[in-house]
């Protein structure tokens, strides 16, 4: 395996982004809003399209603003459909993000003469090309590092409120922390994270990192601070192992077709897959532990 | 005529243990339902009353122990057992009418793929009449009051025409009319030789409504005829030494004595 | 009743699909291959052209009248195929989606559809590496079905065997499977063996490229799905309503659940080609959610969901036939969303408007009762002979100022209430006049309302321990809610009570208050 400086930067960027996603993701999972990440990643498309049509540029700021607006719109519309239409929350989210995504696709098609924008950019994103940079430290690494610090600071500041809102929204509201506002804030953070991350790594990695490490960690611990720490570790591990997996995959498939190496793959996607594998391992560990527990209970009760 | 001695026990639970994750909820429970009686399972919140019934019906996995209905495993005698779940267990916004829900009790008899026919609907309507909801048959279920919803569930069990009825808190937050309708139905069932096991939360009404009682707090503290089992001592063992409850229990026991005397005098 | 509805449903579907197939076969002789020249949308790089056009110039060409006519009359064989296929797909989505919605698993369709991607990619890889054509549709769809089903099973396993919550299980499986699919897709795009661009159409869909074979597959599959749903209608209904009860009755709940989810996988897979995996979920979620606003009956809801799905499909295909630039899949979804929005507001059962009107109706009724009771009570307290015939007692003109003072009404509220009463013909009052008196109908109504109210008050007083909190004291007649013997008991209580007098239900009946007073 010829590891280059590029590989190092891919891994560093991947680790930073994965950890940045895992932080808000943990609270999304506790709020039972895990599918929101998927919803937002679809729903940002019209936001991007509108921002582009209005400013006619692909600058990061208007694009991010449009995407965040679309993300918040998703959350708010879902809430409204759920409350005023008495529609079950999952279906409400489905209606909203499908609708927004369809609008985005149509906008892009209708304005395709002007828009240098592609629905694919939402899906794929390529960490490999993103790290190719003239600077010593690639721009994308700066962005993801900044994102991680930003998210970490936010969570450190609002740790108590987030925990309360996730555990008991009604209590939080009676204590003067508007649970809905806190959740909306979390949605905004998730949208920002999604937007900044998928510009470079693709939305699939974001969706995965928002939920998989947190879920895997939740199998292992009941304590919130351990949950966050474990989620971060698992996210970082998925990034490192995922890149190695990507290299392996392209060699394997290349081998099928008589080549030593295909030369291209998607590290971001493989990081998502690796997170899934790590989840599976954690799940097996708990399953074994539980099985032992149950046997002990049964044995004890027989003895007594 | 059957008697408790000649027939196998309708429901016999032996050494039942149920655990959620690693937390034990029901511990070494032995429970019998004698023939042709109204049986209450009573105990504090979280004592595993509902779990006991659900475990007996195979709705929650049991860690160890055995459950026999009519001396047989449940799967072989499903048609003789009817279950009334807690009202909160379903979505009352579901697009079905009251008579549709009652007809569900007849699905098993119908078998696979056959649609509900006029005959089943008539049976379902008859069951609704028994619980006093004849006029509500075609109402969508969300338009019924809580007590009426509970009676719909009861009608569904009646439609099954079973020998043993297991009911999970049928009296929980129902209005007076419903409570009386349910009691009446229970007495009719007893009169026709059926057995009813109710998870019950309201101590004062136990002596009035039931013949047999099982006091449960994780394990079965005591069980037997209400007259001999529903005593202050047993209630204290079940509920612990919580003061308000004890007072309530003392009153209940007193009432039980009075009502039993009353019954004997008759 | 239910049976007739199911038969009706099946018959309608058979008619619909049969008609469409007939349409197809009739035109089969002059097969046009225009679909191959179909526009290349949604795939590949976007146009990088940057004309100097303004933002408002969207670049959409309006179709000629002839083209509109050709589309609407289904003159093109190709349009017919696409119409048939997408309509059937929409109907199937609505049908299965309704059960899915009632099972509260709508988002499962999203996960399943994403899970098909690795299957497509793997099938392509296997096909290519074995020297077959990697683009054979049956092969790809088989792969899609397999991973779709695997994903569905994975969700079920996580849900059953771990403490991970539903939504997290869905998101985990979705992202991991889709990640694998993307990873494989990227690899495939760099394969030396050649073009893999066709796989992209499964992501965004390409209805216009549908062939007669594809449409037939969709029709057949939808028909099978509909038959399965009709046969298992009562089982699915029971499963969705009360799973625990189904289990105690000996129905294999897990198997039924898997069967239902299998249907979801089937709809997803047949929809992949037409609308793509990102939007096929919309056909499973939106029509069903929209139909829920219209009916409290399962059969009707299903029928409506199928109609909405089919209509959305028709509109989408028509729009993309008229405006070749528009992606059909997205237009289909948009049409469905419009249906949803209309249903959300105007739905006959749960729509916003209906519920708002209901609420207003309640408010009006309460206000009317309030007014009538106030007048009755004033008359009662100003009567010379308390035991006179109550109807006679209500003859007197009531000063508006007294009413307002006794009930703490503002001038505006009093005017509003009186205007309501006079517009309903309950009392005689002209704006500005100082007094008002009840009409004949108003008298009867006032007596009824007051009696009802006093009985309820007594009920709540004497049965406080058992009266449920959500009691229907708005019910038109207490007799409709409470058993007659309790009403009798209440009447006696009221008659024997000190403060209030019972209002007789019936003018012919002797006034119980007098009886009470005598004893």
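Chains: A, B and C, in written order; residue numbering restarts at 1 for each.
In the analysis below, a contact is a pair of C-beta atoms (placed from the backbone, for glycine too) under 8 Å apart; a residue touches a chain by one contact, two chains touch by 3 or more.
This is a predicted model, so every value here is computed, not measured.
If you draw each protein chain as a dot and join the dots that touch, every dot ends up joined to every other dot. Greatest Cα centroid separation from subunit B: this falls to A. By C-beta contact pairs, the most connected chain pair is A-C. Chain centres here are Cα means. That of subunit A falls 48 Å from that of subunit B. Per-chain Cα centroids separate subunit B from subunit C by 35 Å. Our note on geometry: subunit A versus subunit C, Cα centroid distance of 31 Å, whole angstroms. Those residues of subunit C in touch with two or more other chains are numbered 104, 163, 292. Across the assembly, subunit B contributes residues 21 that each touch 2 or more other chains. Residues of subunit A in contact with two or more other chains: 86. In the complex of the two chains, the subunit A residues touching subunit B come out as 86, 290, 293-294, 297-298, 301-302, 304. Taken in their complex, subunit B has these residues touching subunit C: 21, 54, 57-59, 75, 78, 81, 83, 85, 89-91, 94-97, 100-101, 103-104, 107-108, 110, 112-117, 121, 140, 142, 145-147, 156, 173-177, 179.
Within the complex formed with subunit C, the subunit A residues making contact are 29, 32-35, 37-38, 42, 53-54, 56, 81, 84-88, 90-95, 98-99, 101-103, 105-106, 108-119, 123-124, 202, 204-205, 207-208, 210-212, 214-215, 218-219, 246, 249-250, 253, 256-257, 259, 262-266, 268-273, 275-276, 279, 283, 286-287. Residues of subunit B that touch subunit A in their complex: 15, 17, 19, 21-22, 24, 27-28, 63-64, 93. The part of subunit C that touches subunit A in the complex is made up of residues 41-42, 45-51, 53, 55, 58-60, 101, 104-107, 109-110, 125, 128-129, 158, 161-172, 174-187, 189-193, 203-204, 278-279, 281-282, 285-286, 288-289, 292-293, 325-327, 329-331, 333-334, 337, 340, 344, 350, 352.
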